[in-house]
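Please find the structures below.
One chain, chain A, appears in both complexes that follow, with chain B as partner in the first and chain C in the second.
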Partner chain A sequence: MKFRAKIVDTACLNHFTRVSSMIAKLAKTCTLRISPDKLNFVLSDKVANGGVSMWCELEQEDFFSEFQMEGVSAENNEIYLELTSENLSRALKTAQNARTLKIKLTNKHFPCLTVSIELQLSVSSSSRVVTHDIPVKVIPRKLWKDLQEPTIPDADVSIYLPVLKTMKSVVEKMKNISNHLIIEANLNGELNLKIETELVCVTTHFKDLGNPPLASKNASQDRNSEQMAEVHIDIRKLLQFLAGQQVNPTKATCNIVKDKIVHFDLLHEDVSLQYFIPALS
Partner chain B sequence: MKSFLSVFRSLAMLEKTVEKCCISLNDRSSRLVVQLHCKYGVRKTHNLSFQDCESLQAVFDPALCPHVLRAPARVLVEAVQPFPPALAEVTLGIGRGRRVILRSYQEEEADSAIKAMVTEMSIGEEDFQQLQAQEGVAITFCLKEFRGLLSFAESANLSLSIHFDAPGRPAIFAIEDSLLDGHFVLATLSELDSHPQTLHAQEEPQRPEPRLPVHSTPHLDLDDFAADDMDSYMIAMETTLGSEGSRALPSTSLSPGLQHPCSSSPHSEEEDDDMEPSTVPGTPPPKKFRSLFFGSILAPAHSPQGPSPVLAEDSEGEG
Partner chain C sequence: MLKCVMSGSQVKVFGKAIQALSRISDELWLDPSEKGLALRSVNSCRSAYGYVLFSPVFFQHYQWSTSVKMNDTDMMLNLNCRLGMKSILPIFRCLNSLEKNVEKCKIFTRSDKCKVVIQFFCRHGIKKIHNVCFQESQPLQVIFQKNMCANTLVIKPRVLTEALVLFTSSQEEVTLAVTPLKVCIKSSNEESMDLTNSVYSEMFVGPDEFDFFQVGIDTEITFCFKELKGVLTFSEAIRAPIAIHFDFPGKPMALSIDDMLLEANFILATLADEPSRASSLQTLCLSQKQKRSEPIHSKAGKNVTSKVPEYISRKVEPKRLYSNETPTNISTLENCGSPLMKRVNKGITEVPKSNGDISEVPESSVSDTEEVPGSPSLRKFSCMFFGAVSSDQQEPFSLPFQSLATASDSEEDMNNGSFSTF
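For the complex of A and B:
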């Protein structure tokens, strides 16, 4: 197994740092999947995560000037590593004024992802090198099946999200009232966030959001475009997702499968993020 | 110190309004009196209570330390910046090519499934005003204290000199300007307690680099079951401080009582090791364990090492 990659462009480095920082907010531990063309940050829907799953994908060409990998075997040319997301994010944050950043898979007592950063802080200072050895766990092939790209469910309603910052501040306040949130939307560009308790019901209405063309052909004809599809979810999971989005995405869609799951599909420039929150049982 | 500091808390206010500051001791009422004479005839008097106490005199001499490093505080502040704020200890040493290396020190817990990230910073010799130390020497000390004294030195725009000796001997951090000079003495981890860290200077990736052993002093020939910090602390209390002379080690926050498994020095490892498919994922590296029970093996004549905040000369005889 081999992996070596290099970033020399500052913009690419900053973008990669932002991605890793977002992942660190979304998942404490995650799987990094390395394949010849892509890098994926994966969180599979285990009970430990509360059923939440995440699939983040980026094209290695968009970031790395050099990229070499050799997977477990020729037929299985992939590497799956489990790591603490915050370590990667912290390591990348120290690369603010870096000339070059290199990442490679090494074995120093235990398997590590070594991030090596060459800094030149000023013309007069010497060239400095910062190295971070991030411990990783190599995931054996037999567990790979749980870490594949999730199948996109057939949504009842698909709608574009409002400004995430606004959504986040609304959800943050609602969290103080109840842990149980109802998210509902219709094909008329309307999205509601509702909480209901014995004492009070609070609903925030977002209008004129627009709906992307629905993937499934059958649904659109029959459905009354005013009808809401709803899911009851744990508000903290939604809040964690929203807190991870520091920058407003290029594109943000919410797909609702009635009473089953909410699927958020985001695009941050060229990095795609999919986040699934299951319905409360 | 907190009450004293609270008098001077707002620098901006002080600069604007205070004309004179008088500090005096009122022995009778046991009060330290700080009087701020401000504009417009305003006078602020602070009476701080104090207690007489014995002060520990640290006995040290920077001139006795064979190794010296000197750099502007700013360089050292930049050097510690990549380390996580929560990191307790750091190893400072000279690596290949006379580069100064700082590396995070982790106490290895053998059972810990979650290994910590290791960070290393390498700085070229040219950033230092003085570098008198051979390749391979290194000491490990408390990073938190180091950051504290660095921020003071940086705010005063001063250079910091680090005088050090073998691991276990105190390291002296000195700053000096026309108004003051300060010596901060920090304990360093002794070789008994730390596993020999190897430092390496990162250079061209093509060249595979053999690791450097850190300590130039010969590896102490002691049983692997030698004492950990707690035991050397306890033994020091019992024995008289020998011919080394008394070395008082004031204020240090290196915590005693930690087990330091000693790993065999990895000399033959190549840096760019590719993963072998046969590597069993997740198995911890082979380690030898230390046991608290074997503390008594330590010879009584052996000078006390490691962090022992109470190693001071008995001053009972004096007045």
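For the complex of A and C:
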């Protein structure tokens, strides 16, 4: 197994750093899947994660000037590594004004992702090299099946999200009242966030959001476009998702499968993020 | 009696010193003398010591007069003022605004009232007065020959700060490795650390980045990160380069800043370079307590404070860092213990403060060598040489680490008469 990659462009480096901080906010531990064309950050929907799952994908060509990998075997030319997301994001943050950044898979007593940064010194023209060895766990092939790209469910309603920052501040305040949030939307561009307790009900209405064309074939032409599809979810999971979005995405869609699952599909420039929150049982 | 006056910008520097010292300990000794106003701080584990001396020239006005009591011996009494960081730190919190608003700051004390009065004369005629009570307690001094260290590096604080940004705050310790050709700063490699989850970082600094570079011996020392950060912030604030003096692992290192107006020394213990770092400093401190608690309780001076409970909650991280094995030295534990015991035996409180008088702390004249509790871990000790002044200093040593394993033969030591009651 081999992996070496290099970033020389500052904008790419900053973007990659932002992606890794976002992942660090979304998942404490995650899987990094390395394949010849892509890098994926994966969180599988295990009970340990509260049923939440995440799939983040980026094309390696968009970031790395050099990229070489050799997977487990020729037929299975992929590498799956488990790591603590924050370790990677912190290491990358130290590369703020770096000339180059190199990442490679090494084995120093145990497998590591070694991040090697060449920093421009503020005082002289010379540079300094900083290395971080991030411990990782290699995931054996038999567990790979749990870490595949999730199938997009047939959504009852698909709607574009409002400005995430606004959504986040609303949800943050609602969290103080109840942990149980109802998210509902219809094909008329309306999205509601509702909490209900014995004493009080609070609903925030977002209008004129627009709906993407429904992909599924059995899309109901007969479905009333005003009818809301709702899911009851744990508000903290939604908040964690929203907290991870520091920058407003290029595109953000929410797909609701009634009473089953909420699927968020975001695009941050060229990095796609999919986040699934299951309904409360 | 102390009386000094500072301007707004001087207050900022003064406040920065206090902030740096607050990283070491929750207590601050205010120690004025004719040499100037010294601030001292020692951490509970006795593994870090900070000292900042502001010369009289630093202040707009500085006046120190001692009240000489009628004693058997004529001695210059110290102020013996110990302040809690909790009381004094908030006063010097927003230094930037203090610098802007304060036109004049007066600090004065009256030992008879055990109070320090800090007056800020601010703009717009506003006057803020803080009265801080202090407890009488003799300050500790550390005797450390920094000029005798084999390695000395002087560097602008900016460079080190850039380096330290790399290390995550979860790491407590950092290792400095030097050879005549290069300097490497890296995360320390403790076996007991959770290696599978911690990031190992390292960076190199070339000799040309230092203002002064003298490496006598190739060495690697490991020390506490938090205290270093405090010193760096202070040195950046006064824009003075910081000098690092060190030797072999286990011997304390000194971080010092020498300016025309002030002098700062921070002595930090370093981790000894040996595989079986069994002891935690707590066992060490317990033995200190055992040795010293006797005199405290029997002395029953007014200086025995009830502040002891605070020590429990303070920084009791197992500083396994600070165990030491330097077989060539006699365990300096005894240095701390016995001379003190000897003095106490003589019932002396009037021993004059021995500034740098090493003969007061005989390194090898330890009669109690055999009495050191058997467990080898207790002989290990971070090399701090204390110019112990009087038994009044006992309180800092009375560390009530409650549930520590006692060395099995320590009780015998207690009873064999080497520590007489008085």
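Keep in mind that, in the parts below, the second predicted complex is superposed on the first by the 278 of 281 C-alpha atoms of A that agree within 3 Å, B and C clash if a C-alpha of one lies under 4 Å from a C-alpha of the other, contacts with A are read in each partner's own complex, and residues count from 1 in each chain.
Following the convention adopted for this analysis, contacts are C-beta pairs under 8 Å (C-beta built on N, C-alpha and C of every residue); 3 or more make two chains touch, one makes a residue touch a chain.
Remember, it's a predicted structure, so these values are computed and weren't measured experimentally.
**Student:** Clash or fit: how do chain B and chain C relate after the overlay on chain A?
**Tutor:** Partners clash after overlay.
**Student:** Looking at the overlay, does A:K2 come into contact with chain B only (first), chain C only (second), both, or neither?
**Tutor:** A:K2 contacts chain B only, not chain C.
**Student:** What is the contact status of A:T94 with respect to chain B (first) and chain C (second): first, second, both, or neither?
**Tutor:** In the superposition, A:T94 contacts both chain B and chain C.
**Student:** Looking at chain A, does chain B or chain C touch a larger number of its residues?
**Tutor:** B
**Student:** Return first, second, both or neither, reflecting whether A:A11 touches chain B, chain C, both chains, or no partner chain.
**Tutor:** neither
**Student:** After superposition on the shared chain, which partner residues are touched by A:F110: those of chain B (first), chain C (second), both, or neither?
**Tutor:** In the superposition, A:F110 contacts both chain B and chain C.
**Student:** With the two structures laid over each other on chain A, which partner does A:T84 touch: chain B (first), chain C (second), both, or neither?
**Tutor:** both
**Student:** Now for A:D133: first (chain B), second (chain C), both, or neither, which partner does it touch?
**Tutor:** both
**Student:** Given the touch rule stated above, what does A:V200 touch, chain B (first), chain C (second), both, or neither?
**Tutor:** A:V200: touches no partner chain.
**Student:** For the combined three-chain arrangement, which segment of chain C clashes with chain B: 290-298, 308-316 or 326-334?
**Tutor:** 326-334
**Student:** Which chain A residues are contacted by chain C in one complex and by chain B in the other?
**Tutor:** Overlap of chain B and chain C footprints on chain A: residues 84, 87, 90-91, 94, 108-110, 121, 126, 128-135, 137.
**Student:** Can you name the residues of chain A that touch chain C in the complex?
**Tutor:** Result: residues 84, 87, 90-91, 94, 108-110, 112, 121-124, 126, 128-135, 137 of chain A touch chain C.
**Student:** Please name which positions on chain A make contact with chain B in the complex.
**Tutor:** By the definition above, chain A touches chain B via 1-2, 72-73, 84, 87, 90-91, 94, 102, 104-111, 116, 121, 125-135, 137-140.
**Student:** For the complex, which residues does chain B have touching chain A?
**Tutor:** Contacts found on chain B: 75, 78-79, 81-82, 84, 114-127, 201-202, 205, 263, 266, 269, 271-277, 279, 281-282, 284-285.
**Student:** Would you tell me which residues of chain C are touching chain A in their complex?
**Tutor:** 158-159, 162, 165-166, 168, 195-206, 208-209
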